[in-house]
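Next come two complexes, and both contain subunit A; in the first it sits with subunit B, in the second with subunit C.
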Partner chain A sequence: MVMEKVHRMSNKGGAAHTRKPRITVFHCFTALEDTASLEGGDYEIQGIKMPCSSISREVFLLRAFEAGADAVVVLVCPVNSCRYVQGNIRTEKRVTRVKKILDEIGIGGHRLNMFNIVQGDEAAARRIIEQTVAELGEWGLSAAA
Partner chain B sequence: MIVGEQKPLEEIKAKVSGYSRILILGCGTCVKTCFAGGEDEVATLASALRLSFKLEGRTIQIEEQTVERQCEDEFIKEAATNIAEVKAVVSLACGAGVQMVASRFPQVTLLPGVNTTFIGILEKAGLFTEKCLGCGNCIVDLFGGICPIGRCAKRLFHGPCGGSSKGKCEVNPDTDCAWQLIVDHAAATGQLDKLAEYVPPKDWRTSQAGGPRKVHREDHEI
Partner chain C sequence: MPKKYSIHAHKTDPRFPPIGKYATVEFREDCAGSCRQCVKKRCVFHIFRDNFTHWSTMSEPEYLYTCKSCYRCVEECTKGIFSLAINPEYRTLGDDYWKAGIINSTWAQAHTGSIPVSGAGYRGPFAAEGFDSIWTDMSEIVRPTRDGIHGREYINTMVELSKRPMRLRFNPDGTLASEEAPVLEIPLPVVLQQPAFGVLSKTVLLAMAAAASSVGTLLFIKAEEYTPFFSPYAAHLVPCVTKDTYARYADLIKGSRMVEIAYGPGLDEALSGLKAINPDLFIAVGLPLDSAAAGRAGELARTCVDTLHLTGSDYGREVGTDNPRHLKDMIRDVHLALVGNRIRHRINLVFSGGIALAEHVAKSLICGADAVGIDLPLLIALECRLCKRCTQGKRCPVKLEAVELDWGKNRIVNLLAAWHNQLLEVMGACGIREARRMRGELGRSMWFDDLERDSFGPVFGKRKVTGIG
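Right, the complex of A and B next:
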């Protein structure tokens, strides 16, 4: 039933957006220096730079949706490459929990995703944003934005 | 510590849906430690509720506050200003905290947001386990520091039941058999003979079976 609700609220079947999609990118500054290199497309990027991705507590991820994000992307270093050893592991657990909350609410956990990228791999970060934008084309904008 | 779990979002949402403005009141002691009702949980719940109502086209004003301990008047007084502004408070404290707030602020509807579960410990990161039932007369020394009241499903005092298997309890195979632990401890410390001693039936009047209990400390009364 929850998934039906998620589907109803978020899947607009590829209808054209009425505004540019907004993506909030949480990233540790080891994985990605800043989000300037991701800008320039037909979307809005809000970058949240952190010394370690584990600072992205559950409420920060939810508040990004409250603040108008259609999708939230969390960029962390690869497993075993975290400068603070377990930061990215903790982040993954929080992201998993918030995905469940988003499913329960009806926004849909698919709008929040974590990706491991190698330090400074801006091309990978850009591909992730492009992929998210393409997916937003299918899902539609967030009804909570 | 007292260990609890936050109620499902759906249940809390149903309880607050009749209100336009609520306070979510957290507690910074036990329930914070077990991730059920501290500052972070208050903020996460508030945000989840706001988003959920927004999707339904509704706005609900949610105040957030966490006091050091909800089971002490000294601390809940600090919530008076916020409570005066709302008709309902979701308390993320244990049942003691919820009732303390309810008795001090009878004008508001108190909605419990946590299921108070047990007295226990943090066994390892992310795992809390029950250890004590608060029987009012601790006899854990007779069992090598392993309580058969809090940790044996059948509260046995004279050895394991027939269901103890491979060190696990038949009632819940995920749980260690308390009596296996007691015997192992006694064997390891050369005290097996101690377990042969007769333990008289427990006087349960000191437990909750004797009705709600009080601890009165005249030396701390003013």
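Right, the complex of A and C next:
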């Protein structure tokens, strides 16, 4: 149902888009070890593993959209649980800045979101991805992709 | 003085950013460059500058992990915003035997052609299993010659893979009376071998053949892979056939110097058949490195076979058993069985499977091999990550199918150049000037098992726990 909606939304312009939605997941190695467990749905996942979410610079988040992502999800450790003390705080500030840029350039800041997840909570990560796919049904696929 | 053999390396850049070990994490928010002494500008390896340049060229989000772990930025940052972390991709690279460090170091050697140097010091165990339980005796390193082993001092790494005449006869005037037997020599005790898996496209195999030809060694390749494209390198190819298929490749065998035939029933007949096709042919017999290998080697040493090519598992272990012994023990078994029967000089032994580092070459020779065969390091030199996705029909993450011939050849030649230089270093330090003299030279090595037994056995008795650690 959701996928039909995604395809319907993406066909607004008249072009026949039949591709799956693509979600790029930036994840701190401590928060989520691998994105392999998130694969298998009717969407494409590109996982980018990082030793700490604090190295997710603005340019990387923007490049993900340029490379064809319909949505970007950043998974970080809960507040006060960062192995590097302030890594997730730094990430949050960067994500906020990039959301603003995405709004300004017309892609939409809502396509980029950050979530705090407890270490190894794959069920939560999967819920986040499913929620993002459902939201893509409302937004349609990215025009930049 | 004879011309020295050397392999000329040409720096060959990787096509994809290698998966490095370390990353610099900037984890604090209280830096605004206000101290005006930013360590990012002072990194001697230009890591921060390279990262900055990379951002503008990357097509997808892709981190560079090229930090050399010198800790300068961590130590000198006035705000203390840096920390070093290990790249999570690096942790998942390779497996228990083909460790991330081995793969990473092989990439570096294929890139530069020089001996790898680790910057953060060695923090591994004192001894480990397998080849890591052997130490070469480098006592001669204390008195090097004036310009060293890369200067005028001559160290010969050449080995023969053909039979040698047992004795020579001379005329009264001192000239040679016996007929000169043909000799098959390779300039370093390493032969190349077609890997059992991987994206083995035509260009990948051609790159291996071209590299073998360039350094003067041999490539053992399945005869069915041979196409006319390989003809420029025919002198350096060893087609691998079986007793059922060799007749089909008669033309190829006629143009080859050596051929490998798989061990099996009816081998004698096949050997006669091969000699009938090409009387000057050198013959290698390929057989598995299992518990029967030593017995079979003794049997084959009395035939016209020049070389035995014994292949263990990719993890340097005996095959065909649930409790496999390590390659080093298997080499010693086969070598000593031949020595015990006084027929070691009649045959040459090449061992393959699990040769992952240059030091494994020297240690295999010390255990009794004449030469070793390498397969997976060739793939790694071409940037293979040993992820084995190709075995599941998935796409190769480094697009091995798109390798260019010259690039692939240069990478493999660079790897062999680095290994050759490391072999020279070990031989020079051991005081051995001939690779042939290194064969079975256990006196130039120390074995952890023996040292532990001799030193601590009288105090603590026999080791009760297997393994080292």
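By definition in this document, the second predicted complex is superposed on the first by the 128 of 145 C-alpha atoms of A that agree within 3 Å, B and C clash if a C-alpha of one lies under 4 Å from a C-alpha of the other, contacts with A are read in each partner's own complex, and residues count from 1 in each chain.
Basically, contacts are C-beta pairs under 8 Å (C-beta built on N, C-alpha and C of every residue); 3 or more make two chains touch, one makes a residue touch a chain.
Please read these numbers as outputs of a predicted model, since none were measured by experiment.
Once chain A of both complexes is superposed, is A:67 in touch with subunit B (first), subunit C (second), both, or neither?
Touch partner of A:67: subunit C, not subunit B.
Using the touch definition from the top, say if A:101 reaches subunit B (first), subunit C (second), both or neither.
first
Name the contact category of A:24: first (subunit B only), second (subunit C only), both, or neither.
Second partner only, subunit C.
Considering only the touch criterion stated at the top, classify A:48 as touching first (subunit B), second (subunit C), both, or neither.
Once the two structures are laid over each other on A, A:48 reaches subunit C alone.
Touching A:59, do we find subunit B (first), subunit C (second), both, or neither?
both
Where does A:133 make contact in the superposed view: on subunit B (first), on subunit C (second), on both, or on neither?
The answer is neither, since A:133 touches no partner chain.
For the three-chain arrangement built by superposition, which of subunit B and subunit C touches the greater number of subunit A residues?
C
If you stack the two complexes on chain A, which partner ends up touching A:143: first (subunit B), second (subunit C), both, or neither?
First partner only, subunit B.
Where does A:84 make contact in the superposed view: on subunit B (first), on subunit C (second), on both, or on neither?
second
Would you tell me the residues on subunit A in contact with subunit B in one complex that are also in contact with subunit C in the other?
57, 59, 63
Under the stated contact criterion, what part of subunit A meets subunit C in this complex?
24, 26, 29, 33-34, 46, 48-52, 54-55, 57, 59-61, 63-64, 67, 82, 84-87, 89-90, 93
Show me the residue ranges of subunit C that touch subunit A in the complex, using the header's touch definition.
Per the stated touch rule, the residues are 23, 25-29, 55, 58-61, 63, 83, 85-89, 92.
Would you pull the subunit B residues touching subunit A in the complex into a rising list?
So the residues of subunit B touching subunit A come out as 9-10, 40, 43-44, 47-48, 50-52, 54-55.
Under the touch definition given earlier, write down the residues of subunit A that touch subunit B in their complex.
Touching subunit B from subunit A are residues 9, 57-59, 62-63, 65-66, 101, 104-107, 143-144.
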